[in-house]
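Note that the chains take the letters A, B, C, D, E and F in the order they are written out, and that residue 1 is the start of every chain.
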Amino acid sequence: MLVDMSLEELWAYRPTVAEPDDFDAFWQRQRDEVASHPLAATFVPSGTDLHTVEVADVTFAGHGGTPVKGWLVTPRNADAPLPTVVEYVGYGGGRGLAHERLLWASAGFAHLVMDTRGQGAGWSVGDTADIGDTGAPATSGFLTRGIADPAHAYYTRLFVDAARAVDAVRQHPLVDDERVAVLGGSQGGGMALAAAHLASRPAAVSSSVPFLAHFRRAVQITDAMPYGELTRYCSAHRDRVEAVFRTLSYLDVVNHARRASAPALFSVGLADPVCPPSTVFAAYHAYGGLKDIRVYEFNEHEGGGAHHVAEELAFLRDALG
Amino acid sequence: MLVDMSLEELWAYRPTVAEPDDFDAFWQRQRDEVASHPLAATFVPSGTDLHTVEVADVTFAGHGGTPVKGWLVTPRNADAPLPTVVEYVGYGGGRGLAHERLLWASAGFAHLVMDTRGQGAGWSVGDTADIGDTGAPATSGFLTRGIADPAHAYYTRLFVDAARAVDAVRQHPLVDDERVAVLGGSQGGGMALAAAHLASRPAAVSSSVPFLAHFRRAVQITDAMPYGELTRYCSAHRDRVEAVFRTLSYLDVVNHARRASAPALFSVGLADPVCPPSTVFAAYHAYGGLKDIRVYEFNEHEGGGAHHVAEELAFLRDALG
Amino acid sequence: MLVDMSLEELWAYRPTVAEPDDFDAFWQRQRDEVASHPLAATFVPSGTDLHTVEVADVTFAGHGGTPVKGWLVTPRNADAPLPTVVEYVGYGGGRGLAHERLLWASAGFAHLVMDTRGQGAGWSVGDTADIGDTGAPATSGFLTRGIADPAHAYYTRLFVDAARAVDAVRQHPLVDDERVAVLGGSQGGGMALAAAHLASRPAAVSSSVPFLAHFRRAVQITDAMPYGELTRYCSAHRDRVEAVFRTLSYLDVVNHARRASAPALFSVGLADPVCPPSTVFAAYHAYGGLKDIRVYEFNEHEGGGAHHVAEELAFLRDALG
Amino acid sequence: MLVDMSLEELWAYRPTVAEPDDFDAFWQRQRDEVASHPLAATFVPSGTDLHTVEVADVTFAGHGGTPVKGWLVTPRNADAPLPTVVEYVGYGGGRGLAHERLLWASAGFAHLVMDTRGQGAGWSVGDTADIGDTGAPATSGFLTRGIADPAHAYYTRLFVDAARAVDAVRQHPLVDDERVAVLGGSQGGGMALAAAHLASRPAAVSSSVPFLAHFRRAVQITDAMPYGELTRYCSAHRDRVEAVFRTLSYLDVVNHARRASAPALFSVGLADPVCPPSTVFAAYHAYGGLKDIRVYEFNEHEGGGAHHVAEELAFLRDALG
Amino acid sequence: MLVDMSLEELWAYRPTVAEPDDFDAFWQRQRDEVASHPLAATFVPSGTDLHTVEVADVTFAGHGGTPVKGWLVTPRNADAPLPTVVEYVGYGGGRGLAHERLLWASAGFAHLVMDTRGQGAGWSVGDTADIGDTGAPATSGFLTRGIADPAHAYYTRLFVDAARAVDAVRQHPLVDDERVAVLGGSQGGGMALAAAHLASRPAAVSSSVPFLAHFRRAVQITDAMPYGELTRYCSAHRDRVEAVFRTLSYLDVVNHARRASAPALFSVGLADPVCPPSTVFAAYHAYGGLKDIRVYEFNEHEGGGAHHVAEELAFLRDALG
Amino acid sequence: MLVDMSLEELWAYRPTVAEPDDFDAFWQRQRDEVASHPLAATFVPSGTDLHTVEVADVTFAGHGGTPVKGWLVTPRNADAPLPTVVEYVGYGGGRGLAHERLLWASAGFAHLVMDTRGQGAGWSVGDTADIGDTGAPATSGFLTRGIADPAHAYYTRLFVDAARAVDAVRQHPLVDDERVAVLGGSQGGGMALAAAHLASRPAAVSSSVPFLAHFRRAVQITDAMPYGELTRYCSAHRDRVEAVFRTLSYLDVVNHARRASAPALFSVGLADPVCPPSTVFAAYHAYGGLKDIRVYEFNEHEGGGAHHVAEELAFLRDALG
């Protein structure tokens, strides 16, 4: 069933999303800060039992210099330069095991799947630790970690990691510097939009059922996790609501999407209670580059599933040449 | 939490499972009947956008001559003969889209994923109609289809399909006749055990969290679907309970496992309410060949997940040489 | 609570419901096809221990000539001709046991309760197999059976059965040919509307909380089963959505109601999540004959319950003279 | 699934159930007290539109002289004396509407369905006020009403009503004084067992899935309502637990069953979480007369449903001659 | 998430709420009736082990002369006259134990917490029997007790008790006659509004997330208990709906609020499914005196919790001087 | 209902709980490390509007020197030395607002309620930040933070804080150095047992429904949060199970209880699914000092509620003289 607006209303929905005056200055500071840490990208061949692809265990210095992990999967015996995708994963998951994500390399791409700091104890495993919570207690969950101050918010760190992953993958000899796309679903889809703004020259963006868009609307229309973490936090800290949403305004991917320019493919499920359609369309309508969206009328947060993977493959084949 | 016995009790649990006197005669009749239909296996190259593997759209004549679909995925430019796996899928799913299952071919195997007649409108799509559906698969409720008579039971048809899939894959020029394994999880794990008995010379078997084992115990210890379909049926048809379990005794994979001889790997989740551990161990203990089992103490029906895929890969690499 | 529109909005709600150009031609073909099978109605006295009524075990040839079962309950020692009701039952149920439905005969009517092919393993038992089930009904999942093609859709078969039941009951010597009404609740209410169109000269119609009306709206407003089967199907088969709704347009009882002319009584529960009020009113407003509706403000799918039975009795006493 | 012991264990389960020393004296006082109120049974013909049966609106003086309602349904034009059943209804329901319960009269019995004081705002309606309700029944919460003292406990009043109903029905000219049975399901099944002890010369008893048996065990094995009302009460009033169970020991139908002597039929569902099997068997094993029990292995609180009605009919036909 | 209107809509929401013509006459009769019973307020020192406050066990004659209990907590060694609060408690609870509510006395107020007749077997215990309970409170189901007639409705009795509690507390020598406020949350908040109308000269009112306001709207927008008791009742008694709402129109605190004149503080949770915001605002907008409301955007029925207690303390410090 | 063993079995249940060889050495290192940070306890008067008690805003240096907050509530104008309680709070909560916990001071005790680092965004608010996650990703929730290594585990930090709070409160002039007890419920009850071992000379211990006891058993018998966080973690990190339980063996309060010597009062709810009774009894039986336990047969995790508070008050009045 429809959990939000009808498709007609969604096409017409162009909300105002709060944006702080110093949004650009804030993110410039984040970029400057991380630039002070050497990238230190390493690619160590991983001993998998796979024949058609090769896997490297990746490490690079993310936000604050923290070592961030990933897997780079490439077609065996491929010739450089390869079109490349950097993938960000959904909430609770990590980079997983080396043999879990074979599609992009099987389709001829170099594929970096970036680990998510602190996460990776849910549906897929991770190996990257986050630093601390400096400044405010959080609920269980990541959305409110460091929420007292955008400079210490968990997702600030994660967005910086996401941008750095694009720099890191370019260090690999097989990667074509001009053909690096970013993609992901849910949290990964939100990160792809952040990277569309923050990373250096992304060639294309695929953002599926993105999370982290239009928080104010999200908490009004759904109680589902992880947006529900905000509700829980604000229901206890009744006196910190404005501060919370001020921090979130730096993270809101609607504001990042507005500053992006690479061609982008979105997807949305009209029955998705986790990332409600109106929040996805808020980001879609704001997006600054060429864009298209696939609408899955009967789907919840799984969105287009394997059908949409085929759409993504076609889109990136086209966008990356 | 533990949903069934402790691990200690499971190792000691060797229940008596009902087996009809004419079990072997019944299945010989099924084999004879299907043998009267030409196998008619075809392999049509499928237009995917994949570089490292090739996909063929497979059709062969299953039970009653019904055309059964599948995908054959092989490493691109591979040299015959290849070690081969035939995969059966879980309840509600179908063969999916051509790019969904890349692991086995990426690891150097020929890989046939068989469609499940009538299913494939759940978590993955299917394209094979069961008799009576005439042209399209339907949603759930398969366990009690044709339950009045083993000759007309849905799972009799499906087990015959499963055995025929092994014959069918051997028609492909890349497949090594002597190195064909069967595998699957949940319903697919039950079918792998049935195929271990009914198929021609399977070289190895991997049965993960198998369904369709020890029905009598299953309905006493869980209400979860799909075993719950039996409970629902018997709660209405109070006067047909014995007939139902008589039909099921021809299908119970404990009885099929007893007649198998290929080396086998099992897996089980101690917190699995869908295929409770004691039913899995009933099949494991009965299994007639060399066998091993991986126990996942904290997992529900997902069992070992990607970790167990690595175990399966190692096992089959070893078993198929 | 209200699960759909307010009563005011419902009275004003007159949606456009898709109707295929060949709707009438299609149903004419179904009628012609079934007419080629002899009706073969039989009435075998059933050995109940009841004193005031008599029960006959009914069989007649439904769609495709399939034998369809039913019970005919009549007042003991009644004089022909009797006013008569043909009852269709709700989703998942069957004709039940011979002593379960005593109201209509106790009120002086001849009463045929028609079994539902393939169903009858839920809240009441059944004895009629659908094609493909060969010998026994199965559990749920009927809405998407044969959905690829209206000619093979399950509900096409069921609607033909429903129309034939009216012919069948007229074969009984006690039945007054001119005074045969059709009735039912939920699925039975939808079938009553289909029979209002497809059966021969029904004298009156009672359709309570009807299912199978305005599918497009239903899936937007509820996830409850059985409409939820459509959502589940379309969420997997994302590429078949239009085909699904094309098939459903032949079945939609809004289109059947439009072609009916007998006087009709409807009922609706304003808190009904299974057959949402707006779908019921869509059928009500479209209905071609004299009509009335009882609105139960606080009721879910149980609608008016025993209170509405009294309404039905009064309505049919009046309508059948 | 099994919610309690296995069938084998149930057959062997003979628990000690607390019984107060003055149990018999207490109930003698209740009988004496009610005997001081004239029975005042009236039978007013009810204007239903039924042909084969007649319905009378019954009123008689129950506990404390409170007017208790009921329906008496009899075969039209029947000849006295008729075998007779007094039916008690399940928790939350009332006598319903006059046309709701037609089976027993259709089978040739006189049938009194007794209203339940204060109840009847749930699945069927009622018309009898408990003291304090002054004019209309209310919704649930009856198990702890007056729990501080057996003399004021709600179920003491109800059990006295149940016994009086047997006296009342005997006032009707069609009723055969020597052939009055008591029956009911759930709460009605518990009341039937109480009436088996407290009523005057019941000729037979049918107690289906009885409630109100072995409270101590019930609260340890289930949280389902209505036993859960006790748990809720004791979880608040931690200092009144012993007093609560002392009051309940006067009501426990195990103690009433022990004092009964008429032939009895029981039923039980092995998956019944509302009236767990071990509590039913506790009453069954204690029952003082000839007895039999039907076990429904796959059923929850619906027990044997219409199948068991057939069993009851056969049993009472036999027992009442 | 928002469960009802947006805040903007709530500020504009001024519904018409049914009010019977004899509303004032009815309540005058209630006041007259209770005035015929001597108040008989007693204050017995309670043996707690507290040092800073003193607790008295209070009894006074409520509706019909029924003894109603309470605790009076006062600062130890306080000098008269004290500002005073009379507190009513939420649904299902009672006055609790003597040491449970220490805030108001610790803040320098005399504090009477009134027991709720018949309740107090839920989250806190009670000691006051309603008529018919004879000796012990019972579990839930109060909204429909005596619903057939406002003169016998449970909440009529409770509102009279609430008004009498204000008279009772004034009998205590420490209490300042001119400075008695009434307060409570949920049911207690509704009672505070009733007392604002019915009690003698309340000096201030604090009504948090009040229950019992605008019943017609409540049952349309929520199924949550206790409003759900009405839905359940009306879904069975389909023929008594108008009578039910007529009785409720005497109780609706919107009608009581309209007649109040003391300064009042309200609170509301915008995510409260138990007492939906629009029903709270209906009472707020109708309130006849000076008023203010605290809106808790992210809270459910807990409302402002301890944060709002601080608001209440500030408000009453100010209002009572 | 019973969620674990019967009371009889609980009295006899004395499980072996894993304890690492260097348990004492590990905790000595923790004590030595924190001792290197000055305690720096400050008590700043807090501007509440309370008359009978005074509240100070407390800060002291906890694990790693992190500033830990608390409230110290004392009777107004009290004379030193006062008997004193240090209270630890339950999972998800913080020290709350200054006026939330008035019982102990009202009863004449000095009362320090310690904030819980990183928590306090749930049912009560907190103001203390935790440091980082150093060394391993966690699930949402605190139980798996730093689980890779006992030296970095979250609960190691928290237990050190708990012990330091006892030192801190002794800095206050009103506190009687020899009469400081520790207490808490759930997580706070586990912390009280840890403090019973780790703090300096606690005079008495009250541990209600303690969490953090016998983890191995807990995860086998419950899926409820927060123990469920372990299950979730281990279900993803299938290869880290032994490491997880090794870390937990340093935290298990069974091992801390074994080393305690002050008199202790425990409580347990036999229906508690959050901290199952067998885990509570494991700690109780192991406890090294004089001990007693109150058993609440019908209660879940709320345990004895206000009734048990009275028990605690009596126990501590007695134990602290």
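The criterion applied here is as follows: a residue touches a chain if its C-beta (ideal position, glycine included) is under 8 Å from a C-beta of that chain, and two chains touch if they have at least 3 such contacts.
Please read these numbers as outputs of a predicted model, since none were measured by experiment.
*Asks:* If every chain is reduced to the average of its C-alpha atoms, which one ends up farthest from chain C?
*Replies:* F
*Asks:* Measuring centre to centre with CA averages, how many angstrom lie between chain B and chain C?
*Replies:* So the centre of chain B lies 38 Å away from the centre of chain C.
*Asks:* I'd like to verify one number: the distance from the centre of chain C to the centre of chain D, where each centre is the average of its C-alpha atoms, in whole angstrom.
*Replies:* Result: the chain centres lie 37 Å from each other.
*Asks:* Starting from the mean Cα coordinates of chain B and chain F, work out the distance between those two points in Å.
*Replies:* 50
*Asks:* Pull out every residue in chain B that's touching 2 or more other chains.
*Replies:* 124-125, 307
*Asks:* If every chain is a node and every touching pair an edge, decide which shape results: line, ring, star, complete or other.
*Replies:* Topology of the interface graph: other, matching no listed pattern.
*Asks:* By the document's touch rule, what are all the touching chain pairs in this structure?
*Replies:* A-B, A-C, A-E, A-F, B-C, B-D, B-F, C-D, C-E, D-E, D-F, E-F
*Asks:* State the interface residues of chain A toward chain C in the complex, per the touch definition above.
*Replies:* Per the touch definition, chain A meets chain C at residues 1-2, 6, 271, 296-300, 302, 304-305, 307.
*Asks:* List the residues on chain A that touch chain E in their complex, please.
*Replies:* Residues 219-223, 231, 234-235, 238-239, 241 of chain A touch chain E in their complex.
*Asks:* Enumerate the contact residues on chain E facing chain F in the complex.
*Replies:* It comes out as residues 49-53, 75-76, 96-97, 99-100, 102-103, 105-108, 124-125, 306-307, 309-310, 313-314, 317.
*Asks:* Show me the residue ranges of chain A that touch chain F in the complex, using the header's touch definition.
*Replies:* Chain A reaches chain F through residues 92, 94, 117-142, 144, 232-233, 236-237.
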